Amino acid sequence: MFYHTKRLQYDARPERPDPVYAKKLQEVLGGQWGEISVMMSYLFQGWNFRGPVKYRDMILDIATEEIGHVEMLATMIARLLEKGPVDAQEEAARDPMVAAVLGGTNPQHVIVNGLGAAPNDSVGYPWNARYTIASGNLLADFRYNVTAESQGRLQVCRLYEMTTDRGVRDMLSFLIARDTMHQNQWLAAIEELVADGLEETPVPSAFPQDLELSKVSYQFWNLSEGFESQSGRWARGPSIDGKGEFDYIGKPEPLGEEVRELGDANPLALGTMKKTMRVTPPGTGGPQPAAAD
Amino acid sequence: MFYHTKRLQYDARPERPDPVYAKKLQEVLGGQWGEISVMMSYLFQGWNFRGPVKYRDMILDIATEEIGHVEMLATMIARLLEKGPVDAQEEAARDPMVAAVLGGTNPQHVIVNGLGAAPNDSVGYPWNARYTIASGNLLADFRYNVTAESQGRLQVCRLYEMTTDRGVRDMLSFLIARDTMHQNQWLAAIEELVADGLEETPVPSAFPQDLELSKVSYQFWNLSEGFESQSGRWARGPSIDGKGEFDYIGKPEPLGEEVRELGDANPLALGTMKKTMRVTPPGTGGPQPAAAD
Amino acid sequence: MFYHTKRLQYDARPERPDPVYAKKLQEVLGGQWGEISVMMSYLFQGWNFRGPVKYRDMILDIATEEIGHVEMLATMIARLLEKGPVDAQEEAARDPMVAAVLGGTNPQHVIVNGLGAAPNDSVGYPWNARYTIASGNLLADFRYNVTAESQGRLQVCRLYEMTTDRGVRDMLSFLIARDTMHQNQWLAAIEELVADGLEETPVPSAFPQDLELSKVSYQFWNLSEGFESQSGRWARGPSIDGKGEFDYIGKPEPLGEEVRELGDANPLALGTMKKTMRVTPPGTGGPQPAAAD
Amino acid sequence: MFYHTKRLQYDARPERPDPVYAKKLQEVLGGQWGEISVMMSYLFQGWNFRGPVKYRDMILDIATEEIGHVEMLATMIARLLEKGPVDAQEEAARDPMVAAVLGGTNPQHVIVNGLGAAPNDSVGYPWNARYTIASGNLLADFRYNVTAESQGRLQVCRLYEMTTDRGVRDMLSFLIARDTMHQNQWLAAIEELVADGLEETPVPSAFPQDLELSKVSYQFWNLSEGFESQSGRWARGPSIDGKGEFDYIGKPEPLGEEVRELGDANPLALGTMKKTMRVTPPGTGGPQPAAAD
Amino acid sequence: MFYHTKRLQYDARPERPDPVYAKKLQEVLGGQWGEISVMMSYLFQGWNFRGPVKYRDMILDIATEEIGHVEMLATMIARLLEKGPVDAQEEAARDPMVAAVLGGTNPQHVIVNGLGAAPNDSVGYPWNARYTIASGNLLADFRYNVTAESQGRLQVCRLYEMTTDRGVRDMLSFLIARDTMHQNQWLAAIEELVADGLEETPVPSAFPQDLELSKVSYQFWNLSEGFESQSGRWARGPSIDGKGEFDYIGKPEPLGEEVRELGDANPLALGTMKKTMRVTPPGTGGPQPAAAD
Amino acid sequence: MFYHTKRLQYDARPERPDPVYAKKLQEVLGGQWGEISVMMSYLFQGWNFRGPVKYRDMILDIATEEIGHVEMLATMIARLLEKGPVDAQEEAARDPMVAAVLGGTNPQHVIVNGLGAAPNDSVGYPWNARYTIASGNLLADFRYNVTAESQGRLQVCRLYEMTTDRGVRDMLSFLIARDTMHQNQWLAAIEELVADGLEETPVPSAFPQDLELSKVSYQFWNLSEGFESQSGRWARGPSIDGKGEFDYIGKPEPLGEEVRELGDANPLALGTMKKTMRVTPPGTGGPQPAAAD
């Protein structure tokens, strides 16, 4: 169960309204790598978790913090929209600057949300649950979490550069710092997971590696013209998991069969066949297609 | 530009048709972590790439390989559907086993695709471009790629366990092995990227870290009841980026302002205000709202 | 079956083209609370309806009217787009006002729709069927209908304020008036439904209320810091359904169990477990996991 | 900011695993009318709110409670999946009952979520932010909230009937009771809002009603064959808002213009025109179309 | 404006309820190629139309008919669901046939729609407006319409084969016949359009063909291994539009530049560059990046 | 399996960056009728194909070419974004032209993609797999392919007119020419298919036409007021398939039953019934509803 306090985790007060920037800031609220995504991913990772309790507790700590980040961003956006343009834009018809500003705003901020924040991204596309990652395998998920904090911090830094409002930058400097922590936190959690012997590369480690086709497990296939890719760490030396040696295949040939055509399918599917034929549906008294037998 | 050969990268031939399994196998073709996702992510990472050419070439090598993986899965699914059930199901009305099998199939495999594969996942939800990650920042993206190969290998391993068809398992053992390589490859690429001095933790490293609110950059906030989270690597010792020290805040208090109410917005937005008021639209001759000034 | 007349229900002719406004007006055509949503919701409520015929007939009357509203809006938008900007925008490169106008238009109106209306909202997001509500329970649905006419009238009023075109305002004044009627109509239908003894609060009333956990049926839980919520109608006095008494719980405690960890799951799912383990898939000759038994 | 306790608001423990029911129960977790929808709608209504503080506080109280409901459902579903079927289904190939059960499960519960809950509905469609309603106008939104609690209670009652597991029914009896409270709570809030003079029918009341086309404000248009709709409350007597009289138009005629054709558009849009013509793009040296002037 | 009659265009009455088939039949109601798609496409093509009135009238005739087809399918599905399974399924726990039937039903038909039809497809995915095609260019759109009637008839024929219910088959035989007409109708409309000189191949014909790179306008590029594609009509002889000659390029080489790397972008985007660099955001007092100039 | 060359199929180099045009050009990359759609449709049509090998080879030739078109567009967009605006827009605050340009850009090009292309359309809506058409019936699919090349060429021509950049126009002139070829190619393929006796109108031709309700197979129903539709080719003369005669029904009457109400459904669905009733769920000890028997 959850409790709410009226104080924000950190201030969220702009110097002045700016509906154009409000549109952009939506990206880190309701976008793919925004705060709702990490809030939901961490909540579901925590609630579904079946392993040692220290991980579960840690995941729910940060999940709960993220609800507060969503709150801060929603509050900031609502304030950026306070003087939002709803009037008939007569001024815009005369003043190119007013017209330009209007063109850069999101019309739904007025029409749909009445000058409030919405769980959408910067082009107005709604957040959806495919942004929630919770696979049950912690190493797979912690790698995702490192990614999410990296993409998220990247986007917040870009947004920092897109405003000079000191109030907005102050809040963003807090979120950027927290993302620094969270990148470190998930990297630390990966170390812990491996140290605890719960998971390692390749994920999932509980699957017996001798069931995979081991002869291709550490081959690099050069399928793009040229050999520039040969000069990287991925092309030589021991593999990162310590279980093999990288092998660069410069001129790879297919290992599989040649496919010129597939077998025929049930003719009742009415697809194009190698020869034309008339099909009589079951129960209509006509002859039945052989393939249906 | 691309060229196509008629040979598959590896065989894709089941022992026998199995439309129920075909439905499940769709997940790693058109699901969030399926082959289309990595194909598209790597293609766009490569095409958009502006850094050293060895990375671009490497990314497009693996991207091109993934198109071949999509081809193998599509071929396998088309063959698993070959005897797909299209008839009037009179047998199903009598035989619970036939009825059960039908209940486990995807009706679109017959009605929409005519016994062919589709770029959808195992519940029939269509693949979409939000699964394509290409941020322009390689460390952010390589972390995503490690994740994708981890989630992907996890799902293929689960699917391996859900069939005993030797032909299917043979193909999956190839894909699992390639995912082993690709997890290693992206981990190696991350090492190379750091060694080349192009990027490091926290991402993005080009943003000056002294602009973030450094006092909270390495704090762990315990916002979930209990202290189990204190016993992990993330709660003590130097941070993973080597730039700070983890600090466990056991009883965190909000740092921000108390929000009891927001300011009034433009009354023309017709939202609920602190006091009721009647609003006259511009251009209708009535008195204009003060807030519109 | 349906018939079409060539006359519109009401005029839909702007004073002059305005592609920027056309983009905004899309919201009440193809947005969540636009005319397509009520058209489809009422059609499906009517077609699926199993109760007294007077309701079915009434629902289909208004559903049929809504098809005509969609027609009016589509016609208006097509006319607003008549002089739509398709040229190479050389003028825009010199004139900030032209550039500003272009920035505020929807590029799909030209590229995709050739200066016609589309069933999308004001940010170009396509209408989808999750906006169609037809639950089979009339009170649940009529409450939705009141909401739809309220959100819809709110949006049309906001759009009225965003233009001074007399032709557009004339058409909107018709739609606003019809929404006034339809709010009243659905509120009247709710009265009728209760008067006819078909449904009442709490919905669904056919479910025996003694099966619910009645001790919490009229409690207000104060889970947000502070007690301002205590001063409302919802915190004291008889409940609105007349079946209980509101009870304000100022300092609520959880009623449920403490969850520190979940039980183990099938290890074949390859999720993170309390202890690490190696899993052998069925049919591979190795030892089988106990949990699979 | 938010805090989390380890205790659930109410117990969420089934008698036994049941992956088929887990699939169905997802509807009230991640479906359109599920707990995530009310959680997100109430959070955004609260965060965006600009009116009297007692409403804001009340909204955030219930919003915070809903996070706890999401937690209960996720926990329940994770437990229902504990013995989830991941094996090679050899038994299913022989036993119609096992095959039937497998056919009724959601394959993503194994492949994607590793036997955990996901924020999707009962057909696997992901939750999306268009289910979040926060318009800034409280009466419009409270009407939505009444609807959401009605549709939600309806769905939970249906799910109650679809299981006999006493643990599941116990938790559902709690949720049904809370929905009873919440229907009453939002109805009470509507009464309070009107009593406080902040809003009334028709919504939005701040828009001057004399700007609407008042002659059609209380007319019922009978557009569907037959006159059964004449016998309801909506066809006669004073309107519910007390501002008009219902008027039944039995044989309605269109009020608008006849539309036989629209005006020509910019020929550069390359649409079909009344006469054929060849178009020369700007900047190519050919004659320019007149319509581009 | 539209009017509704109570009579269906054709009967829609099954011999008996069949909730498994109801799920499948949804495809041609709310699927990509279902009746809602053609209803909406034709309505928008008609409403947006700017050419000769005989086309507009014809398009709206068939659009109006399609609303009636949607009505027939919704009615049929509601009847197929009449005895829909809502009970606690104790019988299912014992009887594999009952369990199998349940596994093949759509749970939303009970939980969400209360045994009514919904505008979704056979896997429960909601209809969306991207299925509405109205480009403003009639030949482009009529080609789409021919496709829609072809894919639609194909799906209805497949569904005919998936039932033996005589009532369902009777209704489907009507829809199949109408699709026969509509394929012919749109093919006739294409003939008329060309005969009227309004449009021809290649679409759009108003664009001057001398602006295209004519040397590749009739070349077949053989980019897939082998030469089987050389034996078709597309590889030799005059082109179908009569304006060129097909030319088979058996061993095609790229015509474009070699791309080894792209140019640098604005460093403030914080993407990976050819060399590492530290970026100082504008307004923070540090040195500004050169690329921002 | 596929191979990649570093050379583009044709040049993709703009004269100068133009982020506003980059946003628009996205339509033909990731929009419904963009290059990704034809790439994916042709790949899946080829991989799923079961008919004569010359068709399979031809389809995969063009599919492989389309991957190269996606590459060209992505490259072009990345270059158009090279000087993309990421700074704090102080200049924009003073210069209406700068502000206007910013208003016309897609914020995700900076925030999400770091000045690279994305598989989205011109309003930022992500590409999705419902744009992939592969039905198994070649005539149905080839008709779709003709449509896709028509809508696609139409959009590229519109985009040609929306720029004067010679580099962009050069690339578009190549794509327009290829679309000319591909319209011709698919029309030729349709001729070949009919000549080979594999399929004909009405699609699917393998379904016995005597099972359709032949009396309505060639009737035109005039359901829209007026008789303008009578003057077209679709209203008289032999049908296009040569199997019937068009018949214009000027005053059509419904052929089906009158529907005043549907039958009752299972009362456990808790829908509105003709009479009110209380329902007791199974397993709760109360009397069971008759309809559940």
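Order of writing sets the labels: A, B, C, D, E and F. Residues in every chain begin at 1.
Just so we're on the same page, a contact is a pair of C-beta atoms (placed from the backbone, for glycine too) under 8 Å apart; a residue touches a chain by one contact, two chains touch by 3 or more.
Note that the structure is predicted; figures quoted are calculated from it, not measured.
In terms of the stated touch criterion, the partners common to subunit C and subunit F are A, B, D, E, listed by label. Of the chain pairs listed in A-F, C-E or E-F, the one whose interface repeats that of C-F (more than half of its contact pairs identical by residue number) is A-F.
In the contact between subunit A and subunit E, the residue numbers used by both copies make up over half of all numbers at that interface. If you average the CA atoms of subunit B and of subunit C, the two centres end up 28 Å from each other. Averaged C-alpha coordinates give centres for subunit C and subunit D that are 5 Å from one another. Centre-to-centre spacing of subunit B and subunit F amounts to 24 Å, using the average Cα coordinate of each chain.
In subunit A, the residues that touch at least two other chains are 1-9, 32, 48, 50, 53, 55-56, 60-61, 63-64, 68, 75, 78, 86-88, 90, 96-97, 99-100, 102-104, 110, 112, 114-116, 123-126, 128, 130, 135-137, 139, 154, 157-158, 160-161, 164, 204, 207, 211, 223-224, 226, 228, 254, 256, 260, 262-265, 268-271, 279, 281-283.
A complete topology is adopted by the chain contact network, contact being made between every pair of chains.
For subunit E in complex with subunit D, the residues that touch the partner chain are 1-6, 48-53, 55-56, 86-90, 96-97, 99-100, 102-104, 106-108, 110-112, 114, 123-126, 135-139, 193, 196-199, 204-208, 211.
Residues 154, 157-158, 160-161, 164, 228, 260, 268-270, 279, 281-283 of subunit B are the ones that touch subunit C when the two sit in their complex.
Within the complex formed with subunit B, the subunit F residues making contact are 1-5, 7-9, 30, 36, 40, 43-44, 47-48, 50, 60-61, 63-64, 67-68, 70-71, 74-75, 78, 112-120, 126-130, 132, 134-137.
The part of subunit E that touches subunit B in the complex is made up of residues 20, 23-24, 27-28, 31-33, 95-97, 99-104, 121-125, 154-155, 158-159, 161-164, 223-226, 254, 256, 260-265, 267, 269-281, 284, 286.
Of all the residues in subunit E, the ones that touch subunit F in their complex are 5-13, 32, 53-58, 60-65, 68, 72, 75, 78-79, 81-88, 90, 110, 114-116, 128, 130-131, 133, 135, 137, 139-140, 143-144, 146-147, 150-151, 153-154, 157, 160, 170, 173-174, 176-181, 183-185, 187-189, 191-192, 195, 201-204, 207, 209, 211-224, 226-229, 231-234, 239-241, 244, 246, 254-260, 262-266, 268-271, 281-283, 291-292.
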